[in-house]
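In what comes next, subunit A is part of two complexes: it sits with subunit B in the first one and with subunit C in the second one.
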Partner chain A sequence: MAEQALRKAPLGGFNGGSAAAHVSAAAPATRLSLRAAPDAVAALSKALGLDLPTRPKTSASAKGQHALWLGPDEWLLIDEQGADLAAVAAKSGVLHSAVDVSHRNTAILVAGPKAAQAIASASPHDLSASAFPVGACARTVLGKIEVVIYRAGEQEYRVECWRSFSPYAFGVLAEGAEDAAH
Partner chain B sequence: MSGANRIAGAGRLTPARTARFTFDGKSYEALEGDTVASALLANGVHLVGRSFKYHRPRGILSAGAEEPNALIDVERDAARKQPNVRATVQEVFDGATISSQNRWPSLAFDVGGINNLLSPFFAAGFYYKTFMWPKAAWEKFYEPRIRAAAGLGVAPTQADTDHYTNRFAHCDVLVVGAGVAGLSAALAAAETGARVILCDEQPEVGGALHYDKSVKIDGQDGFAWAQATAARLAAMDNVTVLTRTTAFGYYAQNFVVLAERVTEHLARPDRKLPRERMWQVRAKRVVLATGAIERHMVFANNDRPGVMLASAARTYLNHFGVAVGKKVGVYTANDSAYEAAFDLHRAGVRIAAIVDNRAKPGEGVLAEARSLGIEVLTGHSVIDTKGHRRVNSMTIARNGGGGKRTIAIDALIMSAGWTPSVHLFSQSRGKVAYNAETGQFLPGTYAQDCLSVGACNGTNGLQATVEEALAAGELMARATGSKAGGKVEIRAENAFEWTGGMAGAAEGAGANDNVKAFIDFQNDVCAKDIRLAVREGMHSIEHIKRFTTNGMATDQGKLSNIHGLAIAAETLGRDIPKVGLTTFRAPYTPVTYGTIINHSRGELFDPTRKTPMHAWEEAHGAVFEDVGQWKRAWYYPRAGETMHEAVSRECKTVRDVAGVFDASTLGKIEVVGPDAAEFLNLMYTNAWDTLKPGRCRYGIMLREDGYVYDDGVVGRIAEDRFHVTTTTGGAPRVMNHMEDYLQTEFPHLKVWLTSTTEQWAVIAVQGPKAREIIAPLVEGIDISNEAFPHMSVREGKICGVPTRLFRMSFTGETGFEVNVPADYGQAVWEAIWARAEPMGACAYGTETMHVLRAEKGYIIVGQDTDGTVTPFDAGVGWAVSKKKTDFVGIRGLKRPDLVAEGRKQLVGLKTKDPTVVLEEGAHIVADPNQPIPMKMLGHVTSSYWSSNCGHSIALALVAGGQARMGQTLYVPMPDRTIAVEVTDMVFIDKEGARLNG
Partner chain C sequence: MLLIHCPYCEEERPELEFRGAGDAHILRPTNIADISDEEFEAFFFLRDNVKGLVYERWRHIHGCGRFFNAARDTVSDKFVTTYKAGLPRPDLSPAPKATETTVETYEATEGVAG
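Take a look at the complex of A and B:
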């Protein structure tokens, strides 16, 4: 048997930004694109151990696992501990589509007092506390790419994007973080 | 004292804080806070530019963004050099290098001034009439010369070294303009707790308070109140106050775009700061408090340096402490000019006379003028001025004749009344309404959630303005659901209410066609030009504008539009509202390109997509090609190899040994659900329900019209799960196409689509030794030919990580496509390479991939097809199911012209001379000796040198091609005609032995 192949994240140790907004690559995580009709939500929620959100721009989190509402039948599940999310969802026994997108996506963390402003340099989404409280999420645009923005804390955002777009996303966010400092 | 015309004790600048700058090479001293205009006036410089057409000497007309004359070039260094900057807006900074424009050899002596003498030949519309003959001369003679003479400033030739940024912002209430009205509205809105953005184009808030010193608000000096109010607002968490920020565009759904000038005023800006910042604001409500712009009087030679707007002279005095002259004439049709005269008089400037076009000025200002001992001539006009580089006299006469006299002056200030700034309101698609009583176009019908307050709404009276603004600010904030706070009250008073105003030419403009009474200063449009336009048959204001160029300069007619309209209306004998206004368009004032593109430059201009193996490819000398946003390894030249040599070697190596290829960019879509096969049956021409799990099939996808849209191999992973591949370029549109049909046509199907393009790194291993290369790395999959034949797919492990292993080929060789989760791509590639290289295999790029597939006659959608090719035309009719009763494009395929004889069909071509490689795109004819234009049979779609065949190969779309096998056709080229033989599309291994090995 050959040696176990080593994992190489698209953003590696990217790290930057400013005192106003620190921009860094998130640690690897497992991710699942989950699709299901409304009648499957209860069983899936039970299997996953968190209530799949059913209102736009909301999420649910439990023990390092996050379920982000992306559409009426679509969620992005993220597990920072690396759980096999497809296997967990399969235990629900109800009809759904589970597709592993752990490597398709990568995430950039933007944190600091002006984190929202750094993202707002390229994203038209309203990130203010009233429109986008902690736990809010949205699939939207950042400059010329599509991203999912998740507000992890008062001053902490997770920006998910496809891996080949991540250097662009990082560049845009780093410039935004620099401008947010002034 | 910085400048002889600075008056001690006047103005708000600090005498001790000086800055030096040069204007046309001469050094001047300014005060911090000066604009270039105020600093030049302080130093007695009135001549600052030349007009566009006649090259007439011009001075500073205004003190704001509406300035048409004083355009300058501001230079920091060769790369940071900005032409056409308004001297009335640009703040002086220490070390600034300022130059005048549109003059040669110098501002004082300008050769182009000859145009002024030749002006009878340059009447309005001369451009359309004069250069008509001889016709050929337009292109060779007239146009190049006109182009050389046209334009004002000179653009820098070096790349801009500044950077620019962008911010999206959201608010409940956006208030545009921070004069009395804007500040009041912002305060009322902010007190409710609403999120407020207040912006103003000037460095300091205050608007008209810059010049109107008579204002007292809540017992305070007006300007001081404005600064205190702005500071109070800025300290509130829910308020953003932006100065030096122009709202320049008002778009749909209260989307307003602002340009913030961050460092334009700084001598040594921190390079981390952007030069400008664009703000894209989405506001729930907008309050427009954009004020009004004073109009000039229209009379003969009203454009001499030293002639300026009364409010401008008042601003220079009361804000900058600069007297615009020592003996100043006043010409007005409005009370506001009187107050300018009073302020100048009190500062010790002699007022030669107030010449009032009206019979009855406002009583208050008239009485005050008399008590100050200023001569007022009512019912009089200024009919001419003299003075070359600066006005030195005005000639006045009684309206209706008589009383003519000439008065020596060194400045002439004027006011024809005020034009409400309805630009943004109009951009918002609001409709203006004409108020005949005041002669103003005012906001009429609103199209968006905004309100206009104060002068831009035609509101007269300071207290009325404050109350209107407070009410609007609160109303708009409450409408967004903001509930806090109570009523804000502000008491404001000023010296005089203003009356009067006129539009169009006063008596002094004359009926004479030689009199130059300017309405548009920058474009040299006079009252007579408007009259000429009407005489020549232009009756629409839009035609008059374009015929005369009135309002088409960089100031966009801020001063001239109303005058032009009034003169046109008078000449046409129609009412002003019947003639109508021209359209207001963004931007309100010029915006630099850097601001608009902001961070979209260099690396961030567009995303550059790289595969997980990119770093390895780069390290191994790959040359990359752009495929959409992707960088793909094109070929791997060894030392000294040309592209041709490298590709020939790679092609041969793959067929002789093996090759490794990065296919990660191929589009991938996971189709999951119990109806997945049924859905694919509808999307592709092929049948999918018959495909067994573990097997793959090449699929063709059509558009509704029956033409080929995309193709790719689809693997069935499980009963309810397919792994679809698309072309690299087709990935996003195929996903959209499928999702569109799923949601609109087939919503009853239980199936979901997920893009997995980037989930998988794809390593194609192709060639006779492909199996041997990967065999020891694979676990859990029997990859023998028997267990894993061509067009199979299995899940298992490679190098200890999960893989979807495909047995497939785009080369015609035994081939595998190793799909691994993308983060493992490079490590697995390296493991494969470690086995492949010692066996003599190579890494190959997209060029070799193209040649190898052409040798096998495999098409590339988009290269061999062009959106008018059916599967039958492309020679893949076998992929169209005859049993299915429905799929996208099934009816299109039955259209008469799609089944007609003689359609262009894809065939192979072999050149008679095997060494000749055809040009892709070259046309094909049957008879090369026929007269031109020849009848084209088709064109070459793919053409390569094939080192494996030892001759060139080509694919071509040829009319009736499949019936022409063996025929000789011709490809006419500029230097020769190439004979070709029509062949089958497969050039190598026709029986497919290698594929199935």
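Take a look at the complex of A and C:
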């Protein structure tokens, strides 16, 4: 009998897509759902070491840490190094709400010359270069689920979804990536 | 698919990201414990359901999450304008008023397919 439950990644080993758009599971990361009023943004930015974006659809990134604007008082923070984001935010000393969603979400990386088309196969969101440049991010829908899309690079997108929906999201994106190759 | 302008995201976004949330500008009575059942019914349940221009609450639920208000035409489904929650009804005085003679054909409301 096992002494301890083993941690199992929701999409461990998943790989798919096509040469036009490769679809893979992102490495584990810590995540924070952060909410704060405008007067707390400066102190939180200082504590986090990156300027919380205040314009719609924009993000800020530094050293593997990303702050994505989701709403006028809401951000999704992602740290690829696994920092304890709630503890970092607490150092700000200002009123805010911080919920650790590291294990609620998982992420799927879509990369390649037709990565945007692969995502667009199931999402109504405008991913054209002018509407969604590098660094853009948005909460939207993908097929039947809600996701957060972040454009990490010219041909790289990170799709954040809820853990229990991840096999569905992966299937949809892999299918879209195969179609995008034709 | 309709594109709806979210006043918080400051751009048009696909309708699948939105959810309607009933009539806007419904004021909760300040003396809610004193009013009669009939008055409560009128406040809580009874809506005009007009044909033409309506003011509604909408929520960008799969986007920024915000509630906002929209002026929408129930005949054409056209969003006339959207505005932030808490703002007064915009002045749309020259707005066309729907009448009993409004012709509701597919072509009249959606245009001729090209």
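FYI, the second predicted complex is superposed on the first by the 176 of 182 C-alpha atoms of A that agree within 3 Å, B and C clash if a C-alpha of one lies under 4 Å from a C-alpha of the other, contacts with A are read in each partner's own complex, and residues count from 1 in each chain.
Throughout what follows, a contact is a pair of C-beta atoms (placed from the backbone, for glycine too) under 8 Å apart; a residue touches a chain by one contact, two chains touch by 3 or more.
Quantities reported herein were computed from a predicted structural model and do not represent experimental measurements.
Contact with subunit C, but none with subunit B, is seen for A:Glu146 once the two complexes are overlaid on the shared chain. Looking at the shared chain after the overlay, A:His182 reaches subunit B, while subunit C stays out of its contact range. In the superposed model, A:Ala138 lies in contact with subunit C only, and not with subunit B. Within the superposed three-chain model, A:Leu70 lies in touch with subunit C and out of touch with subunit B [touch as defined at top]. Between subunit B and subunit C, B contacts the larger number of subunit A residues. In the superposition on chain A, A:Asn15 makes contact with neither subunit B nor subunit C. By the touch criterion defined above, A:Pro124 lies against subunit B and subunit C together after alignment on the C-alpha atoms of chain A. In the superposition on chain A, contact of A:Pro56 is made with subunit C only, not with subunit B. Of the two partner chains placed by superposition, only subunit B is touched by A:Phe165; subunit C is not. Where the contact sets of subunit A with subunit B and with subunit C meet, they give residues 124-126, 131. Interface residues of subunit B, counted against subunit A in their complex, comprise 165-170, 195, 262, 270, 272-274, 277, 280, 282, 599-600, 603-604, 606-612, 630, 670, 672-674, 750-752, 754-760, 776-777, 779, 798-801, 820-828, 831. By the touch rule above, subunit C contacts subunit A in their complex via residues 1, 8-11, 13-14, 16-17, 62-66. Contacts from subunit A toward subunit C in the complex involve residues 56-57, 70-72, 74, 124-126, 131, 138-141, 146. Interface residues of subunit A facing subunit B in the complex, by the touch rule stated above, are 1-10, 28, 33, 35, 73, 95, 97-105, 117, 120-126, 128, 131, 143-145, 162-165, 167-168, 171-172, 175-176, 178-179, 181-182.
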